[in-house]
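Below, each structure is written out as structure tokens.
You will see chain A twice below: alongside chain B first, and alongside chain C after that.
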Partner chain A sequence: MQNHAECGDTMAVAEIDLKGEVCPYTFVKTKLKLEELEIGDELVALYDHAPAVENVPRSLRNEGHKILGIKEIGDHLWQVRIQKV
Partner chain B sequence: MIGGFGEEQIRRYSRHIILPEVGGKGQKKLLESAALCIGAGGLGAPAIEYLAAAGVGTLGIIDDDVVDLSNLQRQVIHGGNVGIQKVKSAEQFVNRLNPDVNVVAYTERLNQDNILGIIRDYDFIIDGSDNFATRFLVNDACVFENKPLSHGSIFRFEGQVTTIVPHKGPCYRCLFEHAPPPGMVPSCQEAGVLGVLPGIIGIIQATEAIKYILGIGELLVGRLIYYDALNMSFDEIKIQWNKECPVCGEAPKIRSIAETTYAESCRVW
Partner chain C sequence: MKLGILLTTSPENENTHTAIELAKAARAMGHEVSVFLMEDGVYNVRDKNFAALSEAGVKIALCALNTEDRGVEKVDCALFGSQYDHASIAHDSDRFISFG
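This part shows the complex of A and B:
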């Protein structure tokens, strides 16, 4: 985990690599990781399971979290940036 | 490991973790909690089954009975264990189902001398006893020790269940001050029971324990569910706190377990 200053606040960025993981564990593990973080922290998650790219952000929004971005960064590889709310 | 959960735990509890009301935090509460099942019979057995599945980390089980073939019509966790102590049989079941759960086995009869020491270690008490003397004893001890309690009982096709959070709502004695006179209690011959009935009531009791531990939802405090399997109806009866209650009222007559008489009555089921 690294810290960097943004808008004057110290915000932590955590990462979780969920390549090889399928639903619903993509969401379950992302949720558990978010529970470890502080409100306002950012989590960068990697998925290679296509349905997760739609399902996980939807479920996270339902729990009140913010999706900062979804990006395809490789062949069947997606990066989702989440902010814990 | 994520958030303190191992890979197997993440899979085992995933359907809990997904729920917004539970999550990893709630599951951790369950794993760190302790529930006591009084009796591993009709009501206790199904309660034990689901509390263990839910990952309640410490499960106390007290029963001095041995599994009898006639129990298996409703106490399904004891399958294959005829002749074995019920607490041992229940412990075997729990160990097979969920290694996260630590069973504390009490192969003894709950009585005035041991009850306070036993319930002290638990967050929630499930009364699955089969006689009035034990129910009053458990109620009074829980009021004195301030332990939340689920009361359940069954008869033929009917069951009743309520939750007692001492001093936050009525207790069992607010409802029934004394055990009914012996003539009013059905004889053992009359005490048939539809096998599925205790399963439903015992699992409602387990549900209350889980909700209490998680701190979610509305408990059956001040409410009694009366279930009729023949009609397939659930009726809710409001129970008021009784100012005259001998144990939780304004001027309680019962002030200690040791000085109270808990008459032994015939086992009803």
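This part shows the complex of A and C:
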């Protein structure tokens, strides 16, 4: 699978809203979404479940992906930026 | 050898004693032991014998969602994780025993 650097086009940014989801679906749905993307693409995920904000980034790092940022953007609402590797 | 133990019953169940003694014995023989707690099994982190297991080198992880549902406070002796950690333990273990 070619990534953006090799074929010179711009990186895509996708979004997924997982508000209301809890473990394990927070991880499973994030991973399924990542599988649709190209290497190098960024996924912006929204969670409102505190354990997910700790565990999903840790699990994705374990799988080799890069966590670009974790930000609380509202009351019990977090945005996690993930880069597919 | 890597031994994985899953415990889903609460501390008053005899499973707790069996799982603790099994983990201790395996560690004493030099095996790598990982325990995953879920459902009522998460209550076991309140048991001081479980804290002693982690001091003996047993890795303990549990389902954070189940602790939230049950009001189990965070403790240092366990990773408050997810089913990903459960799957990782099962994947990495040579032997996996479930007490439930």
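Operating definition for what follows: the second predicted complex is superposed on the first by the 76 of 85 C-alpha atoms of A that agree within 3 Å, B and C clash if a C-alpha of one lies under 4 Å from a C-alpha of the other, contacts with A are read in each partner's own complex, and residues count from 1 in each chain.
FYI, contacts are C-beta pairs under 8 Å (C-beta built on N, C-alpha and C of every residue); 3 or more make two chains touch, one makes a residue touch a chain.
Small disclaimer: the values here were computed from a predicted structure and weren't measured.
Residue contacts after overlaying the shared chain place A:81 against neither chain B nor chain C.
Shared-chain residue A:23: touches chain C; no touch with chain B. By the touch criterion defined above, A:32 reaches chain B but does not reach chain C. When both complexes are overlaid on chain A, the residue A:51 reaches chain C alone and has no touch with chain B.
Look at A:62: by the touch rule set out above, it reaches both chain B and chain C. Across the superposed pair, chain B and chain C both touch chain A at residues 24, 27, 59, 62. Of all the residues in chain A, the ones that touch chain B in their complex are 16, 24-25, 27-29, 31-33, 35-36, 59, 62-63. The part of chain A that touches chain C in the complex is made up of residues 22-24, 27, 49-52, 54-56, 58-59, 62.
Touching chain A in their complex are the following residues of chain B: 2-3, 5, 10-11, 14, 17-18, 20, 23-25. For chain C in complex with chain A, the residues that touch the partner chain are 63-65, 68, 80-85, 88.
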